[in-house]
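Sharing a structure with you now.
For reference, chains read A, B, C and D in written order, and residue numbers begin at 1 within each chain.
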Amino acid sequence: MDDLYREVIIEHYKNPSYRGKLDPHDISFADNNPLCGDHIQIDLRVGTDGLVTDARFDGHGCAISQASADLLMESIIGKPLEEVKKLNKDSILEMLGIDLGPVRLKCALLSLKVLKAGVYGLGEASDSLVE
Amino acid sequence: MDDLYREVIIEHYKNPSYRGKLDPHDISFADNNPLCGDHIQIDLRVGTDGLVTDARFDGHGCAISQASADLLMESIIGKPLEEVKKLNKDSILEMLGIDLGPVRLKCALLSLKVLKAGVYGLGEASDSLVE
Amino acid sequence: MTLNVSQIRKDFPILEREIRAGVGLTYLDSTATSQKPLVVIEAMNDYYRRSNANIHRGVHALAEEATTMYEGAREKIAKFINAASARQVIYTRNTTESINLVAYSWARANLKQGDLVILTEMEHHSNLVPWHMLQAERGIELDFIPVTEDGVLDLGMYKTLLDRRPKLVSFTHMSNVLGTINPAAEIIRLAHEAGAITLVDAAQSVPHLTVDVQALDADFLAFSAHKMCGPTGIGALYGKTALLESMPPFLGGGDMIKEVKLRSFRPNTLPHKFEAGTPAIAEAIGFGAAVDYLSKIGMDAIAAHEHEITEYALERLEEIPGVKLFGPPADKKGGVAAFTLEGVHPHDVAQILDQDGIAVRAGHHCAQPLHEKFGIPATSRASFYLYSTKEEVDLLVNGIYKVKEMFG
Amino acid sequence: MTLNVSQIRKDFPILEREIRAGVGLTYLDSTATSQKPLVVIEAMNDYYRRSNANIHRGVHALAEEATTMYEGAREKIAKFINAASARQVIYTRNTTESINLVAYSWARANLKQGDLVILTEMEHHSNLVPWHMLQAERGIELDFIPVTEDGVLDLGMYKTLLDRRPKLVSFTHMSNVLGTINPAAEIIRLAHEAGAITLVDAAQSVPHLTVDVQALDADFLAFSAHKMCGPTGIGALYGKTALLESMPPFLGGGDMIKEVKLRSFRPNTLPHKFEAGTPAIAEAIGFGAAVDYLSKIGMDAIAAHEHEITEYALERLEEIPGVKLFGPPADKKGGVAAFTLEGVHPHDVAQILDQDGIAVRAGHHCAQPLHEKFGIPATSRASFYLYSTKEEVDLLVNGIYKVKEMFG
């Protein structure tokens, strides 16, 4: 049926591999999607060499937001933080393999916004982080 | 040419009979037309029997506002205050003998508003006085 | 007094639109914003093509025309809610600005630290955040009439709250999530007995019910044109004359003044005192046309039609396994059906329905605290208006079955 | 780079209108509000007929479309004034609300008793009254850059005022009465050197000149769509990002929040933090279309055309015995000619011109203190835009001779 709901998205939504929390963690950040109230928390462990050694997301949201969080966690484990900082809108759309209108885009990008705000040590996850 | 500028209006504008101030007076009130900044002051003398014995207007404004002030003064001298209170939009339009759109109407009614606010002893000349 | 809905639908050009090739529009999102009939679109069109000018201060023909149309619309709107005078109707951008006007002007002049404002747990953010801001700034106190499990206000608790002598009771006439129609006249009567002023958020009631501000005895009442067949960019605040006259101005600028000196000004009389700068002229004219349109059809007939559709929708939705409905039964509510579907996020419900051109809204509908109360982050919401049909309800129900299949 | 004015006039349906039988329209009141080209009217029309929905929170096709159009317009407007990011453009109702937003949010958070705000003697009421209100509430001080006899700002006096370390310098880029184009970049540079923030009232400059907020280094800049071929009901406030981010919200309600609890809220990020409730969606789209229209013609070409018309108008008006013009010569001003006619009140001038379909404005043009400075209560004002012609100037001049005859 709808491209938006490719098998892979429904699969990651129903059976996420990286849902949960990390305790202890080196970085933790949480924020909401103001449009729908969806909430995501991301915990990271980072090695002394600056590589992400483990990552988890928690919270609630739609299939798009949950699947993209799961895919995002998968993609950053083993990567240097410097590379995580470079991720943007296009990285997420590529992982999802779909096109999104402006409202659903916010769902897809929530986890990346939260991730980057955490990595940069910001007080707030703003849209400008992911453009 | 234009009905709005009937002879009588131009005449009362150019040669008003009741322009000036009264000192002493029993009632005096002044206000502005917020739309154009025109200003009118009205002074009245009232006899013990409640009849207006003399009336003057002062200030500046367009032909319509000045002519209607002059005509208004003329019409109230000798009248009881109670009757003055009953004057309204229609009384003025009748004196002028013309029809007016909403903006010029404010010019025509400024003197009546000021007169009635003074007669009622109000703090402000509001539109509701002349409808 | 039944509506000729197929005729009415022809008044709304958008209802003929294809959302995508071969897929028509099933618009079930009128609570967010209504669609616009051609007469409203054309009224603004005509204004721009024939009469456009700035108002009040101009003496040329266009300015006179525009002023007459702008003020004529105010008369219509006043009559629509049975205000005693058009001067009691202030044009604003929307319900939200109307409420903020009261919060900035009336409340900042009248409320001091410790003064109590009563709201309800079912308020839209627009009737919460202005009071949060005032609480932070002024130290006023807020308390809330609770919402019961079945989605109505707990009036017993309200009476108890009134013992604390609130200064203001501000509440929604109709919930945009639960659909609950609150007993506004009673709430206002009790508030007045306790010495409080009242503000009615009528964003959902004025579009859907006959609202009579004098019968309600409302002190302030706020609504938006865009939810009642009118344009975006304009709303209204109704207020009692003595209150409005006693209030300081809100925004400062052109038109709201009687006289300006370099270092001071005198405010204008009502309603202009609260309308600073060039107003939404075309929008006011569109608002007037919307009110004409609704009046001609008749608000009671519209309410009856919506009631019929809502009753049918609740019945059909209830049958679907996994669907949970929120709010009271049809006889206590307007045309709103908010629900959750087990195991599927409301965003996904809305997105999949959209594939079939069915427009419902998903999220917290600007009522996060209410959703929190019910322990859910979001709902899907279908809502109805004079152009809604039972066939559209059937399409919705079929769509929900499709969603279940995909996520099954 | 001369305009094809007869072609341009065809874009504006109203210019074909008859004011009364056999009398065409000579519209010389664009400073009050401009006329609208068909593309702008049609953009809003199309929106209501095809895409109307509430924005941001909807996931259905119409909501996505409306959101894209609304935010797309913001991008266009940002580009038009060369803002670094669309996030720096806040939609408001008009210039007046933009200035009030700064007065309520930035100024109330940053100014305390005794702090100095510098304005000018040629300000529109919209850039006076908000500061009068703050003065009454907060005890800030106001001072004014004087206007010289020939209608320009006295920059020497400005420099002296700056020694008093103002917190804010708020001034008009172009006077709506004198037409004076103020040296905004220099005023801002000097203000910054003195440690002050700047607010530019660009209501008359953005419609008529190329305005580059980055080249000006403006901190805040306010303008209205209706004066630049766009609809009523919408305007904009540009601000520097750091300033806007540091400011508390202004109006509270839907859309401007990130999260709402029963007793508290967190504000949203820019630009949404300042846009509460359902915004003027159709109007934003019309605003975007207006900016497209002006960009296509080219602001420099428009300014050059207006200059030519203004030069001609001043020359012709000056010849008329009894006419007194206000403001600097044509090379220092935009397309405005304010004048008095000896022995005739400006209202009467305007009214008699109207008989021939000539629309000029008469009054204080929301600049009472400036008129007081010149010792007159009112002026008549003719103003020009991209569709104005020399033939219209000739009609105006003939009309004034008629007025003289009537009152002669």
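Heads up, the rule we're going with is that a residue touches a chain if its C-beta (ideal position, glycine included) is under 8 Å from a C-beta of that chain, and two chains touch if they have at least 3 such contacts.
As the structure is a prediction and not an experimental result, all values here were calculated from the model.
The chains in contact with chain A as well as with chain B are C, D. Chain centres computed from CA atoms place B at the largest separation from chain C.
Distance between chain centres (mean CA atoms), chain A to chain D: 44 Å.
For this pair, chain B with chain D, the centres built from the Cα atoms lie 36 Å apart. Counting partner chains per residue, chain B has residues 35-37, 104 touching two or more of them.
Shared interface positions of chain C, i.e. residues touching 2 or more other chains, are given as 57-59, 61, 63, 257, 259, 347, 351, 362-363, 368. Pairwise, the chains that touch each other are A-C, A-D, B-C, B-D, C-D.
Partner chain D is touched in their complex by these residues of chain B: 1-2, 4-5, 10, 14, 35-39, 60-66, 104, 107.
By the touch criterion stated above, chain B contacts chain C in their complex at residues 31-32, 34-37, 101-104, 124, 126-128. On the chain D side of its complex with chain B, the touching residues are 345-348, 351-352, 355, 362-364, 368, 371, 377-378, 402, 406-407. Across the complex, chain B is touched by residues 56-59, 61, 63-65, 67-68, 71, 85, 87, 257-259, 268-270, 272 of chain C. The residues of chain C lying in touch with chain D in their complex are 13-14, 17, 19-20, 25, 27, 29, 32-33, 35-36, 40-41, 44-45, 48-54, 57-63, 93-97, 99-100, 103-104, 121, 124-126, 128-133, 135, 142, 144, 224, 226, 231-234, 249, 251-257, 259-265, 276-283, 347, 350-351, 353-354, 357-363, 365-366, 368-369, 372.
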